[in-house]
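Naming follows writing order (A, B, C and D), and every chain is counted from residue 1.
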Amino acid sequence: MEYVTARYIGKKPKLKNPLLIEGLPGIGNVGKLAVEHLIDSINAVKFAELHCKDFPPQVFINTDGTIKLVNNEFYYWKAKKKNQRDLILLTGDYQGLSSQGQYELVEKILDISEELGAKEMFTLGGYGLGHEIDKPEVLCATTDKSLVKKMKKHGAVFKKNEPGGGIVGASGLLLGLGKLRGFNGICFMGETPGYLVDPKSAKAVLKILIKITNIDINLSALEKKAREIENIAHQLQEMEAMSSKDKSDELKYIG
Amino acid sequence: MEYVTARYIGKKPKLKNPLLIEGLPGIGNVGKLAVEHLIDSINAVKFAELHCKDFPPQVFINTDGTIKLVNNEFYYWKAKKKNQRDLILLTGDYQGLSSQGQYELVEKILDISEELGAKEMFTLGGYGLGHEIDKPEVLCATTDKSLVKKMKKHGAVFKKNEPGGGIVGASGLLLGLGKLRGFNGICFMGETPGYLVDPKSAKAVLKILIKITNIDINLSALEKKAREIENIAHQLQEMEAMSSKDKSDELKYIG
Amino acid sequence: MEYVTARYIGKKPKLKNPLLIEGLPGIGNVGKLAVEHLIDSINAVKFAELHCKDFPPQVFINTDGTIKLVNNEFYYWKAKKKNQRDLILLTGDYQGLSSQGQYELVEKILDISEELGAKEMFTLGGYGLGHEIDKPEVLCATTDKSLVKKMKKHGAVFKKNEPGGGIVGASGLLLGLGKLRGFNGICFMGETPGYLVDPKSAKAVLKILIKITNIDINLSALEKKAREIENIAHQLQEMEAMSSKDKSDELKYIG
Amino acid sequence: MEYVTARYIGKKPKLKNPLLIEGLPGIGNVGKLAVEHLIDSINAVKFAELHCKDFPPQVFINTDGTIKLVNNEFYYWKAKKKNQRDLILLTGDYQGLSSQGQYELVEKILDISEELGAKEMFTLGGYGLGHEIDKPEVLCATTDKSLVKKMKKHGAVFKKNEPGGGIVGASGLLLGLGKLRGFNGICFMGETPGYLVDPKSAKAVLKILIKITNIDINLSALEKKAREIENIAHQLQEMEAMSSKDKSDELKYIG
């Protein structure tokens, strides 16, 4: 087994000028939620798995009692209409744990995407604000200046010097190493508090993707999940408020 | 020396459809205790040692003043009865320290096992509960759905979504990477508080192995060790109780 | 992509007995500030980029919304006068994160410099004092004893056993590994408190370089930056003083 | 440069059945002190340097202002009398930082020693007690049971199950990996508090080496250094006592 190993399921798909869309775990799990939802919604087909020696040495346990080695997974989808494009979709359980692992993994993702004819990519992630946000905007960064204008038209936002620390992880590195190979790409970052998984932010990202890709994505499952998470968040806030009240009661009593 | 090096002691054993049983250090040392006890009980024969650059740079000191480089060790045992199978047994001082080390080590274990004809494995470990337990159950996870039913008959337990974090370490990775090579396998996890080495949990695991493998394993040494550990645990609890009592006495005095 | 990859921009420059000058991020960012200022001041030309798997997996975002993969960058400059020398200048976003990364990166820097004919180098850095300093001196260390006298003439300082811990990082390793290849070199370390980026210390380093290299370097931009940083430092000190005053007020009130 | 690189100074020495003696930095720096003292005392000749990508990226600064890349160094010494043996001596600035680094470094040390004809080694280190000790004993561990008796005659001590954690680092790994190549070896561990560098413990180790190797080693420099360290230790203790007294005075004042 190489450092990163790709295993194809059946034949390699034949795709026409496909667009790579990546969403791996990260802040608020925004990118992973968005791509997983997209895969489910359009019935994309899994065609390859990546295993990497820099992933944790771990298996998950499925509900039927069988195990699943942690991995990254490639899916494809073929355009149904003239104004759509073939897609390669990437999601997974982990990003590489170390710098070297990240570089190796991203290089392999680019190898496979290039082999299937991709020269463009969207990478999806979250932009952690550290505070609650009502209507998350979607920040952007691109490999090429000409893409900035286009994306603004679709509602994506460019804020000067944000994110200040740049983009750390696969979403950034795919653009960075991809650019060196001649890929064009855009990273979409949904604003998120960053405390919990954030389907609301993922929805904001997908809404822009719908406009750009002309693909119908049913967002109802994501909206349902967003309401569930909001309920959990409210409960956590109430528990905290209760606990502060208890403490102030105690203080009065002591006083 | 390669990253992982196997050194055979004498000739490679010739085995007939052997079953690999692994037990390396981990939570409660359940897997290691079980396999070491099994090796002693059936007089299995050591045939290979593994050294790995991801093990600590360490030697142990034997009681006679000689040193022993930390390693993993392979043993074999040949079936005595028709309803038994040849065994390959693996135990050792350490698992790999890093992710890469774990992957490399497990790949080498699979290489050697495959070469000796194994296509099936049991991996043994502990499932840390974080609280005392009277009668530890043995949880299971498998590479194949058909094995779930079989194992339930023998008393193994499948709890939905447990362990929640999956299986981390060699016991999980052997199943995960083994499955990719066509191995079938089962991971047996004895419930354990996880505070001390846990021979009671190891005994629970071996009891199920006895049923499945039709091998007589004398559990008396393990039971003796379990009583010793229970005594130590009781002493620790008493010491803690004493120390709490001291503190409450002090508080009274201060008050 | 290799562990360290060099990408040339256009043709390799043809240089005559060039001098390598390195300034990467470090204490007070003294080396990086100095070399960046030098590059701007003399209009040096970028000719190569280094990417390394031991850099963080990160892209920065430019003000126009495009991304830039973190890297190290090589520039060159051709002598304008008889008493000057061709220069190779190295700066960048990061040093290697791990020991191995540092060794690999420095070896690649030496490979490229050697190929372009360099046999001498200046490495620039900061020497952290942990306290404020009015007039930073510039400490030196060299590959060769004969260089010590020369440097003293130009105002560089040699203090016995300073820095006590030697030089850690690229500035030291370039001298160390370079010496093994027959390079001569000098490390210039500007004294710095080490709390903030320190243009004043960078200026002190450049002042010596001006004397040695006979290159006119306009220091006004660096002086402006130094005043800005001093203002920030004063504001921070005032805020701290205010906050201490508040506390003492509070204390009085409580008392 | 390879992961570990050996650079010979002049020709490789021709030695007759040489004995390798290793002393690298460790607890109380006992091994390093002992071997450095031995090298000085017998005027051993440096013949090779090892550099390793797992050493810190660091140069030290010599008193004349020149730099020295951190390394390990090999020396040799030729027997002067019939009852003596040729020696290979190894000391250095660092051990490998990571497990892999330690394994690679030790393999290279064994390669070089084997090439020069060595089949036996002494490795020197400290055994940290965590408390003061008046007359440090020298504990031993060996590759071979027959060596235990021999060493006891010379005053070395074997304590059952001590050190409890075995030997971690180059001194242990040299025995462990050396044994796999057919080397015989002994690790001598001088008891030491482990707080400061410990020339007294190093002296205890050398006293046994003198008996075994029939080499005259002048211990006076080491004894002088031991007295200096004892003075420092006493001063530290007095300062601590003073500071405790101050505190109790303060308490009285407050009370």
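Quick note on the criterion: a contact is a pair of C-beta atoms (placed from the backbone, for glycine too) under 8 Å apart; a residue touches a chain by one contact, two chains touch by 3 or more.
Note that the structure is a prediction, hence the values are computed from the model and not measured.
Engineer: Any chains in contact with both subunit B and subunit D?
Structural biologist: none
Engineer: Fit subunit A onto subunit C over the CA trace and report the rotation angle, somewhere between 0 and 180 degrees, nearest 5.
Structural biologist: In short, 90 degrees.
Engineer: By mean C-alpha coordinates, which chain is most distant from subunit B?
Structural biologist: The chain lying farthest from subunit B is C.
Engineer: List the interface residue numbers of subunit A and of subunit B, divide the shared ones by all numbers used, and answer same when the ratio is over half, different when under half.
Structural biologist: Different, since most residue numbers here occur in only one copy.
Engineer: Centroid from C-alpha atoms only, then distance subunit A to subunit B, rounded to Å. What do you get?
Structural biologist: Taking the mean C-alpha position of each chain, the two centres sit 37 Å apart.
Engineer: Averaging only over C-alpha atoms, locate the centres of subunit B and subunit C and give their separation in whole Å.
Structural biologist: Between these chains, centre-to-centre, one finds 53 Å.
Engineer: Which subunit B residues reach two or more other chains?
Structural biologist: Touching at least two other chains: none.
Engineer: By the document's touch rule, what are all the touching chain pairs in this structure?
Structural biologist: Touching chain pairs, listed by label, come out as A-B, A-C, B-D, C-D.
Engineer: Which stretch or stretches of subunit B touch subunit D in the complex?
Structural biologist: 1, 3, 7, 51, 53-61, 63-70, 97, 101
Engineer: Quick one: in the complex, what on subunit A touches subunit C?
Structural biologist: 96, 99-100, 102-104, 106-107, 140-145, 148, 158, 160-163, 165-170, 172-173, 175-177, 179-180, 187
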